[in-house]
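All chains are identified by letter, namely A, B, C, D, E, F, G, H, I and J, in their written order; residue positions are counted from 1 within each chain.
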Amino acid sequence: MNRSDITDLIIEAKVTKGIRWSDVAEKVGKSKEWTTAACLGQMAFDAPGAQAIMEIFGLPPEAEPWLRTVPYKGSLPTPVPTDPLIYRFYELVSIYGTTFKALIHEEFGDGIMSAIDFRMDLRRDADPNGDRVKIEMSGKFLPYKTY
Amino acid sequence: MNRSDITDLIIEAKVTKGIRWSDVAEKVGKSKEWTTAACLGQMAFDAPGAQAIMEIFGLPPEAEPWLRTVPYKGSLPTPVPTDPLIYRFYELVSIYGTTFKALIHEEFGDGIMSAIDFRMDLRRDADPNGDRVKIEMSGKFLPYKTY
Amino acid sequence: MNRSDITDLIIEAKVTKGIRWSDVAEKVGKSKEWTTAACLGQMAFDAPGAQAIMEIFGLPPEAEPWLRTVPYKGSLPTPVPTDPLIYRFYELVSIYGTTFKALIHEEFGDGIMSAIDFRMDLRRDADPNGDRVKIEMSGKFLPYKTY
Amino acid sequence: MNRSDITDLIIEAKVTKGIRWSDVAEKVGKSKEWTTAACLGQMAFDAPGAQAIMEIFGLPPEAEPWLRTVPYKGSLPTPVPTDPLIYRFYELVSIYGTTFKALIHEEFGDGIMSAIDFRMDLRRDADPNGDRVKIEMSGKFLPYKTY
Amino acid sequence: MNRSDITDLIIEAKVTKGIRWSDVAEKVGKSKEWTTAACLGQMAFDAPGAQAIMEIFGLPPEAEPWLRTVPYKGSLPTPVPTDPLIYRFYELVSIYGTTFKALIHEEFGDGIMSAIDFRMDLRRDADPNGDRVKIEMSGKFLPYKTY
Amino acid sequence: MNRSDITDLIIEAKVTKGIRWSDVAEKVGKSKEWTTAACLGQMAFDAPGAQAIMEIFGLPPEAEPWLRTVPYKGSLPTPVPTDPLIYRFYELVSIYGTTFKALIHEEFGDGIMSAIDFRMDLRRDADPNGDRVKIEMSGKFLPYKTY
Amino acid sequence: MNRSDITDLIIEAKVTKGIRWSDVAEKVGKSKEWTTAACLGQMAFDAPGAQAIMEIFGLPPEAEPWLRTVPYKGSLPTPVPTDPLIYRFYELVSIYGTTFKALIHEEFGDGIMSAIDFRMDLRRDADPNGDRVKIEMSGKFLPYKTY
Amino acid sequence: MNRSDITDLIIEAKVTKGIRWSDVAEKVGKSKEWTTAACLGQMAFDAPGAQAIMEIFGLPPEAEPWLRTVPYKGSLPTPVPTDPLIYRFYELVSIYGTTFKALIHEEFGDGIMSAIDFRMDLRRDADPNGDRVKIEMSGKFLPYKTY
Amino acid sequence: MNRSDITDLIIEAKVTKGIRWSDVAEKVGKSKEWTTAACLGQMAFDAPGAQAIMEIFGLPPEAEPWLRTVPYKGSLPTPVPTDPLIYRFYELVSIYGTTFKALIHEEFGDGIMSAIDFRMDLRRDADPNGDRVKIEMSGKFLPYKTY
Amino acid sequence: MNRSDITDLIIEAKVTKGIRWSDVAEKVGKSKEWTTAACLGQMAFDAPGAQAIMEIFGLPPEAEPWLRTVPYKGSLPTPVPTDPLIYRFYELVSIYGTTFKALIHEEFGDGIMSAIDFRMDLRRDADPNGDRVKIEMSGKFLPYKTY
């Protein structure tokens, strides 16, 4: 058994039991964004979080320490994602990548937006022309330092 | 001459004259996000926009129709970007890709967030622990339809 | 069990029982194009559709919720397809890709043809010089908007 | 000078003179789909066609024999296209590739749809919910033969 | 069970029973080239052919409909083959590819040699300096047509 | 100047002067297959051959020693060729690669068909159902030897 | 002119004038590691630094603003480096990558070593069995935070 | 059973029993860096080391000779690592690769830093602005020799 | 069962029983280089060789015909090998590839060194500065012939 | 001007003046293997060697310091070489790579054959069945050390 097997068990339980990510998040006491990423094998739970996941998804006992172990990260099977929903995010990086770079450097100087000290919030925005997906990302600016 | 040559001229003028993207945007009358992407060869300007760009960057006359022509899009030289700032966005897609998918499907059903009917806003968020980059993305949800 | 296992079961049942996609489509009440794509793991069924599929292919009970779950899409094992029939479509994109782009932009301006709000119809066209495959594709034009 | 240089000259003339592909096609006396592909370096013109292109785009004399020479085909710089409009067609192959295969084999048996004895028609379909791109493809079915 | 499993069974039976491809071909009543390709999972058998294969290789009953089903084609695990015998053919395409193109276009005009309406014959040519492999390929010329 | 520049000059002269490969071959005194490959930068000419090429294509004096120098071989810009005519040959390797291997090993034992001690002949085969491209390849069998 | 041209000018001046990186660093007032990376196009200089570089390497005036502009980073022409010296570092990542991960997580928990808030020192370590390259790297630990 | 299976068993035992790499190293009597790499399948143990590992992780008897066998090395599933912690090291090679090369050649002349006669030490450096990961690498310089 | 399974069995037996390749070679009556390559799945044994291998490694009866069957060759899991020992040979090809080419053409004219009619010998060369690996390769020169 | 330009000049001079690598080596006073690799841009010359090269190939004065500078190594344009002569060496690594590894580990234990402390000798071996290319490689064995 490894973390990837546990992710499969979680997804299988979710599908067959009709569990919702937002309900899982509420029980775990974290945002739905972080919780879903963790359930999908990208983050490590703390002990109470792991306990909650064990119960919600009915996992076998040996799953518990794996949930608390830092996983090998990366959730996609190919460098360029084939799934259309995920590809659109890749496309944003391809089209707007140099724009992100230009505007962050203009505002902050040389450095990056952290993908580690990072949080995000994804929600529905009602719109008469068709509801919209709204995503707010917030990452700490980390400056390159000379030495 | 092609659009890529013009992007080079724009960048060269920006660097040597110290032009700011936000000032360009103001003169063009669009957001700094859209305007920067357009200057970097990813969007087509309308006639007044192209005129403004011609003046700001001192471009040669033959550049004008190119600015109004839809470009071949994609701003990055490699499928996995090497620049650390841009890579962090790729990493977000890699780590959170399946989470984006899971949460959008949970909220909206099958479909995607449009990368075309899309807008974004990037700004500095003051924070005592270090200022943060804040990005708001808004894309129309497009449902898969059965037929 | 995951969606990919179910697609294998569907294909195996189709081959061994000699089921026809067009018959499946009729029972599901959708076009043969959408239904086949859904059976091959690219679309999510609604409840009655899933029920019909369960019966036609004799699937085990745990397959039902998977059929209603949005799958990770992408039906090909390699970025450039090796199967000659599928490769010809890839070749059309390679040869006519810039033509699609040129003509759509000429007619509609900047934007794309949606692959989501999309439908198609594939049929035989009798022809004395050899029958032809006729494919009609219809995708909503989505304009890039400035902001 | 090679065919690729001539394609660049054609595109440059088109952009700077505001020539429309459909007008070119009319003068050449072929469909706009074939004519555009030929102008973009994917097809060989016959002598009158080449003559028409020479005049429309004001090409230098040495361009004429190149226009009548069969080019090395393939219009895209990368195996997976980065341009969003063209990518949507690649996505259709990725999502519907196995469906094309299943339905053509069901209707015709083993073989392929020719990408050589092929024609297509691309037009605007007015639609109250947003106009649509309509593409009709017609390719001869070529059966695999045993021997 | 899928077609790939059946190809494995065929190869295993061939190796352990010492069956020769040419004998198989004779019983199937087709050329050894077509028959071998079909046994290796690249072609679909008709009913009598499938029956013959079932008997020769002692396949289980569920294999029969698979043998009559059009397979997903492509027999090599990597885009550039590692096996030296097969690589030499890839090398011929690499070295002579542009020569094939030049000579076929000179003789026939724009078009291709079909890989579908195609047959070949492979045999030993006695030669005092070492016997030679002789391969005759015959593919229908398919002209590009203007439209 | 390098060999690749000379290949460009040869192609340019061929296109603009309407030279035929078969005429070049006759003057060089070799087959059209070998001569074309050599003109396209894949083989080295002997002194009289180089002289003939110099005259036919009107090359500058510094080209002569390059024509007699063994080139870095490989005539295609991508590992998987995009040109449809050349791709069909790649497809033959993909579909029939394991068949070539199976039949050559059955006839000759372990070894390969040489791509060096190799010759080929490409010609038109008249056929009432459409003329065919006929290619005869002959390569020496080279056995693996134990030691 | 772009940053890459300037890097070429710097390297050319270094080679032809025999300038040493450590001397450059001393004049710039930074470490030799940071200064070399900056000269090789990976970091942005401040105004006095750029001025020093202009003088040391005799750069043309238009180079100055480029030196102060954040470059598109990534110094290698291929994803897997071909140069043996640089490959050895890639090999360390390949062999010890999972070890870095295991030990950092054991000591610090989930997070990364920053490649931005990072400094390093490279020096010669005398050793009777052959002098050694000693590299000290120091990167801030950045913890993943739950939210 | 192969070495990769044993690595899986070691990782599973570590996770479920909460074993620490530094404790393992102490019992094996080697550094934690070397020991962890060896446990993760990158180095061969000597007999006492293998014995210690067998006991610590409770491995089955057939694992012992595998632990003493030199493994096929390389610990990462993709050429460009997806895990953020490991990617940062790849990024250092990408950004600083040419700097490593420049400084080592300046100090030592042509040659490389050995990745074989190599050792390293990884530890926590307390820092009021956030603790740091400190890595010391020491590799023998190996000069290219003329001959 | 296939040849790859048998290679796994051979390696497992070698590791657990401590068999040496040179002893295997002696029993097989061939060189250790050829014998090892054959055991690792790259060559076909004759009947007595296969019999010897069956006994030495205690293989199951169905392995015997597989050992005598020509395998699909290629022993490495990735195009650029990750194992440091094997990578050094790849590096030699990368660094010295054009040198091999230049010197062989200078000595022999156009052609190649056969990798089929090839043998090699690998041994230890005692050296006071550290023992050396000595490899002698001998491959028949195969000239390109004109035709 | 950079090292790659100088390599081009050397090759051009060699071709047009008919210079032989073995004569160059004699004048430089090194082996023909090392000298050729250095001329092809893979090694750095010392001062007298650079002087000799300047004269032999008639290089411009600014070439001299480049010849003494350590180059960015790697002589091939693609990871898998297309040139048949060079590919055969790649094939040897692919077929015999695991054999090299097995035999070197059996004889020496864990470690590698150095590609840095390395020399080789390539010569013609007369043989009544066709002359052979003989290559002797000698590389220092470098053991992995525990620490």
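One rule holds for everything that comes next: contacts are C-beta pairs under 8 Å (C-beta built on N, C-alpha and C of every residue); 3 or more make two chains touch, one makes a residue touch a chain.
It should be emphasised that the depicted structure is a prediction, and the values quoted were computed from it without experimental measurement.
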item: Neighbouring chains common to chain G and chain H, by label; value: A, B, I, J
item: Interface composition of copies chain B and chain D: same or different, split at half; value: different
item: Rotation, 0 to 180 degrees and nearest 5, that superposes chain F on copy chain J via CA atoms; value: 70
item: Result of counting contacting C-beta pairs for F-I and C-F, higher pair; value: F-I
item: Equivalent interface to D-E, taken from F-J, G-H or F-I so that over half of the residue contact pairs match; value: F-I
item: Chain A and chain B: spacing of chain centres that average the CA atoms, whole Å; value: 23
item: Distance between chain centroids, defined by C-alpha means - chain D, chain J (Å); value: 47
item: Intercentroid distance (Cα basis), chain I paired with chain H, Å; value: 29
item: Multi-chain contact residues (two or more partners), chain E; value: 33, 72-74, 76, 79-80, 82-84, 91, 94-95, 98, 101, 105, 111-112, 114-116, 142
item: All pairs of touching chains, each written as two labels joined by a dash; value: A-B, A-C, A-D, A-G, A-H, B-C, B-D, B-G, B-H, C-D, C-E, C-F, D-E, D-F, E-F, E-I, E-J, F-I, F-J, G-H, G-I, G-J, H-I, H-J, I-J
item: Interfacial residue positions of chain C with respect to chain D in the complex; value: 20-22, 32-33, 36-37, 40, 42, 73-76, 79-81, 83-86, 88-108, 111-115, 118, 120, 122-125, 127, 129-142
item: Residues of chain F defined as touching chain C within the complex; value: 80, 82, 84, 87, 91, 94-95
item: Chain E - residues contacting chain I, complex; value: 8, 11-12, 15-16, 18, 78, 80, 82-84
item: Chain H-touching residues of chain J, taken from the complex the two chains share; value: 30-31, 33-34, 43-44, 46, 70, 72, 98, 101, 105, 109-112, 114, 116-117, 119, 142-147
item: Touching residues (chain side chain C, partner chain A) in the complex; value: 1-2, 62, 65-66, 69, 72-74, 76, 79, 115-116
